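The two complexes that follow have subunit A in common; it is paired with subunit B in the first and with subunit C in the second.
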Partner chain A sequence: MRSKKTMKAKTSRHLEALLFVAPWITGFLLFMAFPLGFSLYMSFHKVTVLPTGLKYDFQGFKYYSELLFGSSALYDNLIPFFQEIVIMVPIILVFSLFIAIMLNQDFPGRMLFRVVFFLPIIFTSGHILTEFVNQGEGTLGFLERFSIGEYLDQFLSDSSWAKPVKDVLNRFVLVLWYSGVQILIFLAGRQTISKSSYESARIDGATPWEVFWKITLPAMSPFILLNLIYTVVDMFTFPYNPVIELINTGNYGYNSALAWIYFVVIVLFLAILLLLFLRMNRSARSR
Partner chain B sequence: MIGKVNTVKWKATQLKKRWARDGLHTVRYAVLGREVNRGLLFKLFIYWILLVTSYIYLNPIFKMLVKMVMNEKDLNDPTVTWIPHELYFGHLEKAWTALKYSQSLFVSIGISTLVALFHVVACGLMGYALARMQFPFKKLLMFLLVLAFIIPPQVIVLPMIIMYTKLGLQGKLFSLIIPSIFGFGIKGALFVIIFRQFYTTQPKELEEAAKIDGASAFKFYWKVMFPLAKPAILVVSLFSFVWTWNDTYYPRMFLGQSPLVPLATQMSRVDASISSMLASEEAPLVLVEAIKMSASFLSLLPPLLIFFFAQRYFVESVERTGLVE
Partner chain C sequence: MSLFRRIRSSLSHTWSLYRSDFRNMDATQIFLLILLTLLSVFMLLPLVFIFNHAFKPLHELFLFPPTFFVKQGTWQNFIDLLNASQDTFLPVTRFILNSVIVTVLATVGMVILGALCAYPLSKHPFPGRKVIFGVILLSIMIAVETMGIPRYIVVKNLGIMNTYWGHVLPILALPVGVFLLKQFMDQVPNELMEAAKLDGASEWQIFMRIMIPIVTPAMATITILSFQTAWGNSETSALFMQNDAMKTLPFYVESLTSNLANSVARQGVAAAASLIMFIPNLIIFLLSQRKVIQTMAHSGIK
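Showing the complex of A and B:
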């Protein structure tokens, strides 16, 4: 009798929960699952637009093999883009962590600085950034002044890294502009570390340098992971990146295949990053 | 006698030494601080770093503001970098008409406000369920959420265009709003995560009290939990509003050549037409730049204003959302 009652209560609780998640699940089916499945379907078909509707002819892996082995267009865009990401992500993370720690210090006027550093959140997603870059506001003056470009040419001349490194340096300010949300996440994360652990470290005579490596950094590691994922996802989905410009509304089947390859690459990249991060974390902890 | 004098002398020098040492200490404390991060030197260092980076951040914005109000003579004059001889509003007027400002502004405000509103409601519900409720397949839903976060919009946009065309929504402004009703659209998954993080930090006793009162979960959510979530609501609505405002990708895909578009999209259209003007040498480069700057300024002004009014609460909210834990 009693168990029946609890059962009933349990089902009613589950039904209530269903009420909360139902809209999201509907949305997921409509705007994620269906389009994902449909684009996978299209990537195996030749899609022709007829006046009566769309016609699908099965093609198998034709577009995939064409993209992957037929031409080098994909690699030409993808590889430099990856190199840039590999350079930019650490810069963004270190910079935003640094600024967040600075902004967390107690000094007069820090509210003003926080406002300035949150501004990129408004600008970064916008068209305006490309505008700034086109105007040459993206470079730091010192690049030309010390002709660093020439040194780089000598230094990296034969490797494929010269161009991406130079590109990133040319858009260095842009890189800093990408760190708005990351600074915010680090700042929020820094608040979660309790003051008492800093105080006890101080009493034990730890230098601030040690405190940073032994307390701040380990406590921040989940936020670093979060920021890492956020930054990578943000870069991959940024509408002006070169690979995405390849995907347009022209040939539905071909573009779907391209989008899927891109998606798989992103997932793989994130998985590798995650693995590396976990391993680094574990080895740091066991030490 | 001599011994006494000596001891007095010795004491005096000892005292002097101590004063000197104490003085040195005070100076040292003032400059370096009792701990490194309390001293003058460190404060100066912080100010220096922050000022330099702020300058890097703000420089393009100031340039934009200044170029916008310079007349042609000043723009061509290399000696005028920061302070124009007179304020000239012709570029702003031109940008205003090119952007069809009153119309696009209205469209942008309408869409961004609605999207932000729907995001707050829908993502809040989902975030709450994930944070505080027990139900089967919760793990699966979390996984789907993460998936939704990392799926690039480019993968799903083509089928969505086909879907919208079938439904007769393609080219309609409404097509930009629908996903947000269900908690999708621009970075919808991120907003769910923010809400979830906020609700997990709330004390457990809240629900128990509601259970004793016999309130339904839905009523309890709207009456108690949702009003508590003000910091999360503020952060999500601001993000959602600004990102929707700035987005040009979805409008380009869904609206195509429709005449009624949001401000950011109109801005990129103006940009394209200006570039073609430049290519055919109808207008000099400096003038075009000034007009572009004016257009950028006009399209950014509303979110900027909102940010400046909301920033105080915003900064506090960010600290209280427990954004990630």
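Showing the complex of A and C:
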């Protein structure tokens, strides 16, 4: 009798939860999930737009094999982009953590600085940044000025990494602008660490360096993970990245196949990152 | 006159407050201040650039190397923008009105639905929530660009072509918003909600009185993101609106600048248009930044 009552309470709680979720999920199913499934369907078909409607001719894996083995267009775009991401993401994370910790210090005008460093959130979406980079303002020009470029060419000449490294250095300012949300997340994360743990560490005679590695960093790890995912996804889905630009050319079936390949690549990449992160976290804990 | 004096006295008062602050700074603080000031200069560059670019006369737009500051400012670009819109028989104000309506509806909807959805995902162990969250996480990573045709089919069958709903509904489910909000809500200790539950608060009350106030910084961030998504969205105009009177400002701006991409004369119009597109983003940012940054100082709940 009693268990029945608790059962009932539990189901009603579940129902209540579903009620909260329902509106969003409805929109999601209609405008995200269904289109996704449909684009998978399209990727196996040749889609022709006729005045009477759309015509689908089954093609099997033709587009997939064409993309993966037929031409190098995918790899030509994907590999340099990957190299750039592998370099950019750690830089963005370290930089935004660094800035967040600085902004958490006590100094006059820190509220103003917080606003300024949060400002990039309104630049990174689309047109403005692209236009800015096209104008050549996105580079610092310091590579030319201090001839770091030539030095790098000598140093990394044999590998295909020289260009991505140079690109990233050149676009140091872009790193600044990519890190608006990340800085915010780290700042919020930093606030969740209680003051008492810092005080007790200071009483025990820990140096600021030790405090950072032993208290701040471990407590921040969920936020580092959040930022890692956010940054990677943000860069992958940036509408002006080369692969997405490639998606917008060609016919619908081909595009859908390309989008799905790209999607699988991102998911795999993130899965590897997550695994690495969890393993590193665990080994840091056990030490 | 007295107003002027009052301003001056209040200014000198704040300065005297700050002066003692500046005097009492130690070496690290001075170092921090200098470093952050240098970095903020870079942060502010695009802002300066956008404003200056829009006022540049044609010959300055094509200077090489590009200049940062405008030398002879002109309103000509804006006048050209207004004139250009007259060829379509619809005044530019019509597109602005459409954009405002759509953006307000969509932003409010995105934030509310996102928060509603994130709350149970974070705090209710109902069956299937992990699956739902996993799907949301995956859907962040898909390129929206391929969903054109399927979305068209949905919109057509719902019968919302050429209505404001056709602009708003397709973009309402914003996965990034749910993702960010859920991560922030995870950090809120469960004890807080259990205490409220013991006091007899309903789910709705817990959500409104406890959850929302605590995650205000995240809510404000989502507001900014949603606003930008809605305001800059030209896709729905291109796909679902055949009636020109229902199209929005970003679509109009894009059509102005894209089909004449190589035209020298339109570069000034493009610069003016991108400033007009940018200013609402800046306003929303300035309005919500205080919420983001102030509440961050109090959100230490652990």
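In the analysis below, the second predicted complex is superposed on the first by the 265 of 287 C-alpha atoms of A that agree within 3 Å, B and C clash if a C-alpha of one lies under 4 Å from a C-alpha of the other, contacts with A are read in each partner's own complex, and residues count from 1 in each chain.
Going forward, contacts are C-beta pairs under 8 Å (C-beta built on N, C-alpha and C of every residue); 3 or more make two chains touch, one makes a residue touch a chain.
A quick note: this is a predicted structure, and the numbers were derived from the prediction, not measured.
Applying the stated contact rule after C-alpha superposition, one finds that A:81 touches neither subunit B nor subunit C. In the overlay built on the shared chain, the residue A:24 is in contact with subunit B and with subunit C. Judged by the touch definition given at the top, the superposed model places A:202 against subunit B, while subunit C stays out of reach. In the superposition on chain A, contact of A:194 is made with subunit C only, not with subunit B.
In the superposition on chain A, no contact is made by A:277 with either subunit B or subunit C.
Subunit A residues in contact with subunit B (one complex) as well as with subunit C (other complex) are 13-14, 16-18, 20-21, 23-25, 27-28, 30-32, 34-36, 38-39, 42, 54, 99, 102-103, 105, 107, 111, 113-123, 125-128, 131-132, 135, 137, 173, 176-177, 184, 187-189, 191-192, 222, 226, 229, 233, 236-237, 239, 244, 247, 252, 255-256, 259, 262-263, 266-267, 270.
Taken together, the subunit B residues at the contact with subunit A in this complex read 35-37, 43, 46-47, 49-50, 53-54, 56-61, 63, 122-123, 125-126, 128-130, 133-136, 141, 144, 147-163, 179, 181-185, 188, 192, 216-218, 221, 239, 242-243, 245-249, 253, 264, 267-268, 271, 289, 292-293, 296, 299-300, 303-304, 307-308, 311-312, 314-315, 318-319, 321-325.
Those residues of subunit C that touch subunit A in the shared complex are 18, 21-22, 25, 28-29, 32-33, 35-36, 39-40, 42-47, 49-50, 65-66, 68, 113-114, 116-117, 119-121, 124, 126-127, 129, 132, 135-151, 153-154, 158, 169-173, 175-176, 178, 180, 183-184, 186-187, 203, 207, 217-218, 221, 224-225, 228-229, 232, 274, 277-278, 281-282, 284-285, 289, 292-294, 296-297, 299-302.
Those residues of subunit A lying in contact with subunit B across their complex are 13-14, 16-21, 23-28, 30-32, 34-36, 38-39, 42, 54, 99, 102-103, 105, 107, 111, 113-123, 125-128, 131-132, 135, 137, 140, 173, 176-177, 184-185, 187-189, 191-192, 202, 207-208, 222-223, 226, 229, 233, 236-237, 239, 244, 247, 249, 252, 255-256, 259-260, 262-263, 266-267, 270. Considering their complex, residues 13-14, 16-18, 20-21, 23-25, 27-28, 30-39, 42, 47, 54, 99, 102-103, 105-109, 111, 113-123, 125-129, 131-132, 135-137, 173, 176-177, 181, 184, 187-189, 191-194, 222, 226, 229-230, 233, 236-237, 239, 244, 247-248, 252, 255-256, 259, 262-263, 266-267, 270 of subunit A touch subunit C.
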